[in-house]
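Below are structures written as structure tokens.
Both complexes below contain chain A, partnered by chain B and then by chain C.
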Partner chain A sequence: MTKVKPSGSGMAPRVVVQSRRSNLGGWIGLPAGVLLLVVVGTLLSDKFLSISNLTNVLISMSIVGLIVVGMTFVFISRGLADLSVPATVGIGGILVLGLQPSLGSLIAGIVGVLAASVAGLVNGVLIGWFKVNPVIATLAVGSIVLGAAQAFVGGVIVYGTDSETQDLINSRILGGIPVIVIIFLTVALLGHILLSRTAIGRYTYAVGSNPSASEASAAPVKFTRAFAFLLTGALGGFAGVILGLSLQTARPIMGIGYEFDAITAVVVGGVSLLGGVGSIPRAMGGLLFVQLLTNIMVLQGVPSPVQGIAKGAMIAGAVALDVYLRRRGGAQ
Partner chain B sequence: MALTMTGIGKSFPGVRALSEVDLEVAAGEVHAIVGENGAGKSTLMKILAGVYQPDAGSIHIDGVKVSLQNPLDAKHLGIRMVYQELNLVPDLSVAENIALGRIPKKGGFVDRAQMHSDAQRVLSELQTKISPSTTLGDLTVSQQQLVEIAKAYASDPKIIVLDEPTSSLSEHETQALFQVIRRMSAGGISVIYISHRLREVMDIADVVTVIRDGQRIDTQKIEGVTVEKMISLMVGRQLAEVFPKRTVPIGETILEVRNVCVPGSCEDINFTVRSGEIVGLAGLVGAGRTEVAQAIFGLKSYSRGKVFVNGLPTRITSPRKGIKAGIAYVPEDRKNDGIIPSQSIRNNISLAVLPSLQRLGFIRGRREKELAQAKAIELNVSPPIIDRLVSTLSGGNQQKVVLAKWLAAKPAVLILDEPTRGVDVGAKADIHTIIGQLAAQGVGVLMISSELPEILAVSDRIYVLHEGRIIEEISRADASEQRVMHAATGGDSS
Partner chain C sequence: MNTAALKDIAFALVRYRVLLILAVTFSVASIWVPKFLSTGTLSLSLDRAATMGLLAVGLTVVLLAGQLDLSGGAILAISGITAIGLQDTMGQIPAAFVGVLVGVTAGALNAFLVVLLRINSLVATLASMLFIRGLAHFITESRPVSGIDPFFGLAVSRPIEGTITGRSLLFLVTIFALHIWFTRTVSGRNMFAVGSNIVSATASGVKSRTYLAGSFIFSGAMAGIAGVISSLSVNTGSPVFGESIVLTAIAAVVIGGTRLEGGRASALGTLGGVLTLGALTTAMEFQNIPAYIQQIVAGLILLLLILLDQVVSSRNGRDVTLRALIGRLKTPPQPHQKTERKHKSNEK
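Up next, the complex of A and B:
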């Protein structure tokens, strides 16, 4: 006597194929890809597998890696992407160096992170509560913050004077591991714990996978959406502070390109733009893949326009593949 | 015969939706199809529309055998569907909506004059007073409905299928629609009319076909039937399954709903649920059952009235507050409102109680695992592997996971909205057993169901909703399918 409402609600088993397939691609594809790059890199250049080269790869991962952590939350919560990253990185870098003479590096750094967090909070409120499209909201907020940063410094470079902190950030400890890499790995680990072991992490997946079921299960949907952007704003500011301290120069436009690199890494890591699927380790795998590929191209002397083309193709390809796999398995 | 469908059969995985259904519709005939929710009416019409392919049987139009591989085939043969949900563009004019898909052109540009006069002709043939230049969004819902029908009519159809066309119309508007239907039928168009409103069927139809459990039960001239006859044909089946309700002592009132009103859906709702009691909420789809349930749980806001839980007035404005007050709600639409498909069984079960599983901000992994494991076994989830993705389970097992999520919250009142829809027989029996056990533990259960045998077998008391009002309360002893159906279709209590 069981009857199916043919209008669709009864046809659940179709979903089966979807998740298995998209998981499979994510788990096996990425380590295999990284391994392939290592082999190719080693064959092409004898410099590739040297400690100094690999350390360089790690350092170049570190700043963008901080942003990747936040961007992973944005993706999994189905928040599309945070395009205000260049602005939050910029405001972090400018504030830490601009306020350094009066407040000292530590307090100035905290102010920088807080200012960027406010930008992230505004993003979050617009997206979570006012339901503004994330792309538009973060572009608008980014433009405002960048404008404010430029007004603050008059549009030119800010130079820092704290060479002590600069040396500390750029130093190596524990037998040669750069401090900047340790900072990055610590943040990535904390982000992983937050996403996998806490309620807000669970809600992030739930909201991204099925917002209306999350709502019906009393998950704080608006707050969860907002949180991803708050976190990305704070981490963008933090990345700007670290970058500023390490270079002791900052410009309003210093963050441009980080949003793109972070999105590339997350997407290549198999974190779905459609929400609900992904993890920090996978995003980090994606970041490693992109960084190794870039490194190989640099070692081979591939001109930078070609590198740009390769990265763009990777984003488009990875997203198209993800959408294709989900469509094929999911709703027809 | 304008249309002859012979021996139509259709199965979905695990379910026989239609078997050996015959349907004959003459030119210019208004042919009503009636049956309970899920009897197979929609499936039959979707086959006629080319949306589904039948597993068996044949379709003839004007005596010629046809094959409807897709909706376009059906369209070319002059078959038009008007569904409950309107397929119109609110920002365009009435004329543009009517012409959509066949816009007249002159030299590559839209021929506005032609489009306008075509629409005018159609609208006046149907004797409506709607102006073709009005923006569609400015019309009332019933006028939009007429535009939708005019759009179908304008394409010179042979057969028009109207699926529950009066569900959002007032009495007066319904009469206006009937005028239009009579005009069309006088013009030789066959009208297939699907409705739950049997009185309206008596009014408009020439012939009625009753479908039950995927089979055609009877086809009669309308003069030969009464509303009571139709009801008994619709529900008069043998009870193939018995859902035992264990007798448990019924305690104090734990949920009391007083004069609750949800704007646009229901008015002045009053009912009570007592500890250990299973209360059925019956009514047709669209009667406001789900809205009442969602308002009590905090998913929908209500404008007036009071809800008391354990005698205390409670203002529930969000699901979070609903859970705090001791209420749980298992939604009707499992796929959209129930499961988190990309997550494991474990994470789905713990979702509503995460705050209580935390220590120092972290989820206590072992506690969560034990909880999920216990609930999965208690509810007989198969396979009981809690790290499996929920999306890999069958519909029935997904439903058990949703139920497990709410049992984890230890509710005092459990609201179930169509808990066994689209679920296989085994899972259905499991779910009924669990509902009975919960009642035995003192939980008050409010169950919404469109399946009369289910609601009759499981409920201690039944409230029947009709058009947003509770029109009857029936005790278990007095309940029968006829009586519930009679009230649900708007009959006076007798």
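Up next, the complex of A and C:
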């Protein structure tokens, strides 16, 4: 596994070459879109371009941002999508609060992340080694894990008692940066390094752009596929732990909707479902775009149903554009 | 027990897994639930699953085409709202038809996104799901709407002659119609060809993209019918109806032996999958087993079946396609199995 080091240093060209045009479009399009949103937001509302509002945007994207990091790996390795995210978030949140009285927040949090990682590992083994369709595998595993999480607490809401940890996570350090945002940015940075600077990151691109060629080149195809789902499971659990600790409340259904939010962000960021293309910064750009748009709509008093409509239209538009920019020989 | 015999058993298990799992579920249910096998209880458990079953009928075709449709739950909600909300302006029966028409339109939207814009069906139907769900919340202002006459909907939810409810009957009729379409018509067979290999189907003169679009429109229409019927039965249309029903319906279809990769499907298998999940729910509710345990059991069954399928079929790559095209039409494709056995005995 360590035999193949990423060749060259710094900004070596990606494995996928045929999509350079779309890369260019993506690199220019997304920052331009974000910039446009900032301008529009500033013009529409004088509250928009304030430190406190932008901090709120950052906080609201932190939890889902953790999941976006994992989902990017899944997308790039052509693993379709991980639909077990609600379950891993749920089990993370429930375990950390449920075990808190006996183990303390830190150990309970680690147990929560480990349990979610096991779910991710099962996903990975099913998808990598048994070649089960990712949609159905993560659906089945998600159903089991979410059921198990509910069985663990008897289907009720768990309340936490550790207000010290809650205060720590909700506090702001270094001149007003929320701790939760620092956690998110650290994970995003680590994810970016993992994807762009390590062998496993290289394999993720290779497996996503051409699985057969990767197999023939002795790249660990099965392991790489599995790794993406393991990572998403662990990060989903971590997001659940952080969410549980910051609210000191955990419901089994607390993670529902995060899978679609994460997919939306990744897709709007221009990471292709066909695999092989994308990066963490682009996914984060997509997340930022969605969050800014939502924030502007909230500030304008747009009813939340219209936000749903806009989100749906946005996904369709983003992917249609992506497909238009690079028709891969009629590939579906 | 030699390997050949084991292989035969494995084959039999995989081929008749729906029957097997259904038999197991029914035996367990009849032990747990007093009088489970009485007409009343069976009719009830079929009725419980009928709405999900109608969705599953549409999904069987979409999955056969190798696509996915996540928007069924949202279509179900908006069709129900239409059918209930328009009652006082245009009458009950026309409103119901408009509700189904809304489902067809939503299916056409999916077809437009997937076939014309070439968006991956997972993402496309996710987008249309969010869009339609948002629309449903928007037109109702997130409040449930009530119909004008609570007795009108009784026609679909009341047992006819004390045996089977209207919607169960509708579900059974559509399943058998689907079975006949799959097994007895040219267009049904073309659908299998499109699902197995869209490129070679097109090369053979099948209008693949039309079939693909048709599968989404059909799925939308079935979701529309399911929505109208479920809303009429409770005389309410709500934007939150059907939030998790699609995933259950997909599970039922997959339990029935349809593969997400496309090219293999069975209408009777879907019937088996729906009945299994319906019987399971009824039996567990009788035993006061909480919903989350039901989730675990349903997930485990799903997992077990896809694993079994994967393990056996991956060793016989050729057999899968054979079964997909011929096996479902005439019940036992013995010849292939026999050659398998001969190979084994020759080796010995």
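Methods note: the second predicted complex is superposed on the first by the 309 of 332 C-alpha atoms of A that agree within 3 Å, B and C clash if a C-alpha of one lies under 4 Å from a C-alpha of the other, contacts with A are read in each partner's own complex, and residues count from 1 in each chain.
Criterion: a residue touches a chain if its C-beta (ideal position, glycine included) is under 8 Å from a C-beta of that chain, and two chains touch if they have at least 3 such contacts.
Just so we're clear, the structure is a prediction, and the values are computed from it rather than from any experiment.
Of the two partners chain B and chain C, more chain A residues are in touch with C.
When both complexes are overlaid on chain A, the residue A:Arg251 reaches neither chain B nor chain C. Once the two complexes are overlaid on the shared chain, A:Arg78 sits clear of chain B and of chain C alike.
Using the contact criterion defined above for the overlaid structures, shared-chain residue A:Ala213 touches chain B, although it does not reach chain C.
Once the two complexes are overlaid on the shared chain, A:Ser143 sits against chain C while remaining clear of chain B. Look at A:Ala199: by the touch rule set out above, it reaches chain B but stays clear of chain C.
When the two structures are aligned on the shared chain, A:Arg225 is found in touch with neither chain B nor chain C.
Using the contact criterion defined above for the overlaid structures, shared-chain residue A:Gly276 touches chain B, although it does not reach chain C.
No residue of chain A lies at the contact with chain B in one complex and also at the contact with chain C in the other. The touching residues of chain A, when paired with chain C in their complex, are 80-81, 83, 126, 130-133, 135-137, 139-144, 146-151, 154-155, 252, 260, 263-264, 267, 273-274, 303-316, 319-320, 323, 327, 330, 332.
For chain C in complex with chain A, the residues that touch the partner chain are 68, 113, 117-120, 122-124, 126-138, 141-142, 198, 239, 247, 250-251, 254, 259-261, 290-296, 298-300, 302-303, 306-307, 310-311, 314. Against chain B, the residues of chain A that register as touching in their complex are 1-13, 15-16, 18-20, 23, 193, 197-199, 202-203, 205-206, 208-210, 212-220, 276-277. Listing the residues of chain B that touch chain A in their complex gives 12-15, 17, 37-40, 42-43, 46, 52, 213-214, 240-241, 299, 318-320, 322-323, 329, 331-343, 347, 350-352, 354-355, 358, 361-363, 365, 389, 391-392, 394-395, 398, 405, 420-425, 428, 451, 453.
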